[in-house]
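Each structure below appears as structure tokens.
Two complexes, one shared chain (chain A), two partners (chain B, chain C).
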Partner chain A sequence: MDEHTVRHVAKLARLELAEGEIARLAGDLSKITHYIEQMGKLDVRHVEATIHPVVDENAWRPDEIHASFPRDVAVKNAPDKDQGFFKVPPVIE
Partner chain B sequence: MATATTIKYEPVIGLEVHVQLKTKTKAFCSCKVEFGAPANSHTCPVCLGLPGALPVLNKEVVTLAIKVGLALNCQIAHRIKFDRKNYFYPDLPKGYQITQYDGPICFDGILELPIHDASGAPRNCRVTRAHLEEDAGKSIHLEGSTLIDLNRAGTALVEIVSAPDLRSAEEAHAYLTTLKRNLSYLDVSELSMEKGSLRCDANISIKPEGAIKLGTRVEVKNMNSFKSVASAIRFEIERQTKVVSAGGTLHQETRLWDEDQLCTRAMRSKEEANDYRYFPEPDLSWFNIDRKWVEQIQSSLPELPEKRLLRFLDDYKLERGEAEFLVSERELAEFFEHAVKLYQKPRKVAAWVAGEFSHAMQERAIGVKGLKITPAALIGLMDLLDAGKLNNVTAKEVFAAMLDSGEDALAVARRLNKLIEQDSGAVDKAIIEVMLEFADKAVADYKAGKDVALGFLVGQVVRKLKGKANPKEIAPLLTKAIRG
Partner chain C sequence: MPFDLLKSDATSIAQAVRDGSVSAETVVSETIKRMAATEPKVGAFLQQDAEGALAQARAIDAARKQGKPVGRLAGVPIAIKDNIHVEGRPTTCASRILDGFIAPYDATVTTRLRAEGAVIVGKTNLDEFAMGSSCENSALKQTRNPWDVTRVPGGSSGGSAAAVAARSALVSLGTDTGGSIRLPGSFCGVVGMKPSYGRVSRYGAIAFASSLDQIGPLSVSVRDSALTLSIMAGRDDHDATSSKRAAPDYVAELAKANIKGLRVGYVPAYFDQCPDKEVAKTCKLGLERLRNLGATLVEVNLPNADHGIEVYYVVASAEASSNLSRFDGVRYGMRADKGNAIANYFATRGAGFGTEVKRRIMLGTYALSAGAYDEYYGRASKVRTLIVNDFVRAFGGCDLIVGPTVPFTAFKAGEKSDPLSMYLCDIYTIPASLAGLCALSLPAGFSKAGLPIGLHLQAPPYAETTLFAAAQALERDLGLDRLAPIA
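For the complex of A and B:
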């Protein structure tokens, strides 16, 4: 994993990294991905992909309304709010 | 070698339609789904994306999605899972959307469009897939800030993706109309573009006619009606053709339709190339879709429009256009069939329903349910017409009044004083008056052999009787009176 990839992933994840961190992370992340790549040596052509480790199928619920948060509770922790709305910096300049 | 300007280009269009499902609660939490509720009044830890909250799938969402799939002639998956689509936007509190990436619940469908190719064969459009996903919240963009309402966040959507089989704005419009018609039979969604319960994006590219390889695809969003989808497609085909013909290159991009300027504009985006890093949603496991369940849903469906159209053509011998109109809405088709059960002349009923009835709906911009007339009331009106108690003009007046009041035909005809009574004295008096009034003109013309003059005179007599006369009965009386 090169520094370019680290920058790209950091940008997608909205992480601000210092220059020094980028080089270190490129090294660390490469070690992790190489470690995982060892599994590529195994022949798993006849093994079904594991989507989920827990075999808990059909865990659904009926279409019944339960109480929601009161409006003031819903926005209580918001850094900024306005008349019951969450208020955020402008999305469109 | 051909120059760029001599090449003919062929448009290739695929549509993505989002349909909001009409469930009581959201897809993954028990918050109420309600359009127009106060901001953030239907939220909970799950749809606010609070740490530790876990989604639980609403089973009804799956039932409705299966209905959608069946109405689009799709295969239904035997089991489904969900995936995360990761991106940051303020209306998406979790930072990812729960969707279905590589295993849609419905796939490989097809829609037969009410249009035909040059050889007369009906045009089809394949439906690649229809998958389940959750909606985002709503943003209100203000000067200097954006307000977020998360009532809609987490409501269930089905995204229906067509194959790139459409070749013109007209075909795209026909696909959307057919899709909406089929879904309207299911009662699974409000299907209102105005309220956002139906949304459509278009993928448009052009390629040299006959070429296999598709051109650079442009996605167009922000259309608020089927008409604007068609306009946006027309604009985009022209724009792309101009760029390519002039030797330019197209960029794969998302453009927004501008309804005021009637053009598409490149969307400014801070996001670099889409990189959604899909991965299986670890908070939801597999769901099995039992075949018995699918069969049960299939047998619960009403007769779908394609089948109903064929039956109307066969059983009632209707004109194709009339039958297509009648099946275009489930309520309309059902109204027609109820009426036909009470009155054995289907073509006459069809003419009324496709004629006056549909005009009234368009005029008032309401559906069948909005009109206060029952099939029995319509037939009551037709019986009065048959019995000669109303003429074609007064029947339409009575009909218009019935739509608003919900009364039966006889009551309205009496109230409006339109019923034709057998009062021979009044009829004779009117005939004599008209003959005196037009003795020099129309009466003379008629005597001189101008048969058209009779129609005018009949009209005058009916007018004198304030419409309470049947022209067919007046005509022979008038002829007799003139000829002495």
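For the complex of A and C:
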């Protein structure tokens, strides 16, 4: 994985990386993906994907109203808040 | 007989507290003394709560005197991995990004254990966001192995394993995504148990990889593991992945257990090709003991399990990259303020996450990105099916699969600096996670250097009863002295 790809993926992940980190990650991730590519030799053309190991049927619950998490508790940990809302700086200037 | 913390397990303590032969306050104050003596060398805890624990212990003693029930874990000092919520206490995940965060509610496991009289003495160290195999990825503290403090306790639940090994808690909770309970259990000489996927509610545990994560106990004895799981297991409406299957009373099941005729599977290569011959030999002896106890040994084949590492580091990282997107400086934890919301995301995450967490987020985001998805996440999910099918086939001919938990014993702090060599530590534990099995690491012996060696027992989903039965039979047969020297 080259540094160009690392910069692109970091942008997708909303992750700020220092220059030194970019170079190191390019090296590390190249080694790791190279290792991972060993699974490429298996024939999976007719294999279904497993995305979770749940062995049970889907579980339904009755559609009933329950008290939800109190709003003041939910926002308590926010770095900035106002009147029960999370407060963030503008996205568009 | 005076109370001796170092000769007790949770089961014996709870019994003694219930019948009044020792007070919960005595147990907890002895534990706090033990913690003060061991922590400077071991460093298992990120937070300790002596005052809260003593208050809870006194309340248990008062309730008992009034003839009220005090619970199945009455007075038992427990430690909780610091990625599981205890209301009113910080949950750090050993990360800087959660700086200042206070848990607004109890995890379901916390609620259930407390309701049975367990006394929370503190919260334990981990690899940041449970990503690691040595506990060295903690951004907050270095934990050492009580058997040799120059060595790592294993990870990611390293603090939880070290706390029980040091007896500064009698039971602890860990989380296991690819081996994070079993590996430190093996390195620290304690029983480390990963329940089947769906057996225990994860409400209040910080998600790492949602198709793999499970909460489980680390303990002094197999019966303590069974007792703790009995309390934690069962449906919780707060976690849609928790199973509605009735949770057995594993302690009662243990009393009836008989392993005569049990079919124990083993993969010969896990012994023959194990790089550490002492580990292979000790685990082989464990297998032979099971046979002497009446089990039948069956050779099994898991041809695709060797690809577990590849699958795991794609799937777990992909799920982590998604789960960890919630740490953006908006709702909790630290915020690096750049005056613009989008710039804040980048700066907060760049400053808040440590090296390994960034590596996994990058790997996972890449595996899910356009152009790479099919060859990475798509393919890994299919190879995962092959691994699941290997187990289904193998369990057609046996009840249990036994082998080493880790290919080696605890290594020196700082010894593994290459990320890939660290990932390979989980080679024997990962397949069970991918297939949602239940599995347990049992201390099976020691190397010549005096380091613990763990035996890995794996059973089909929801066959915890089988797992505990075999583990306890072997534990009794081995009769090991498992108290760490702390040196």
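Just so it is clear, the second predicted complex is superposed on the first by the 90 of 93 C-alpha atoms of A that agree within 3 Å, B and C clash if a C-alpha of one lies under 4 Å from a C-alpha of the other, contacts with A are read in each partner's own complex, and residues count from 1 in each chain.
The rule we apply is simple: a residue touches a chain if its C-beta (ideal position, glycine included) is under 8 Å from a C-beta of that chain, and two chains touch if they have at least 3 such contacts.
Keep in mind it's a predicted model, so treat the numbers as computed, not measured.
Legend: residue contacts after superposition of the two complexes on their common chain; A:91 is shown touching both chain B and chain C.
Of the two partner chains placed by the overlay, only chain C lies in contact with A:29; chain B stays clear of it.
When both complexes are overlaid on chain A, the residue A:55 reaches chain B and chain C alike. In the superposed model, A:19 makes contact with neither chain B nor chain C.
Once chain A of one complex is fitted onto chain A of the other, the partner contacts of A:82 are limited to chain B, with no touch recorded for chain C.
Measured by the number of chain A residues touched, the leading partner among chain B and chain C is C.
Overlap of the chain B and chain C interfaces on chain A: residues 12, 14, 51-52, 54-56, 59, 61, 69, 74-75, 80, 86, 88-91, 93.
The part of chain A that touches chain C in the complex is made up of residues 1, 5-6, 9-10, 12-18, 21, 25, 28-29, 31-33, 35-40, 42, 44, 47-56, 59, 61, 69, 73-80, 86, 88-91, 93. Residues 23-25, 30-32, 38-45, 48, 56-62, 79, 81, 86, 88-90, 139-150, 268, 272, 275, 277, 280, 282, 284-288 of chain B touch chain A in their complex.
Taken in their complex, chain A has these residues touching chain B: 8, 11-12, 14, 51-52, 54-66, 68-69, 71, 74-75, 80, 82-93.
If you check the complex, the residues on chain C that touch chain A are 100-102, 104-105, 197-198, 210-212, 237, 240-241, 243-245, 304, 307, 309-311, 313-314, 321, 325, 328-335, 337-342, 344-347, 349-351, 353, 355, 358-359, 361-363, 365-366, 369, 375-376, 378-386, 388, 418-420, 423, 434-436, 461-462.
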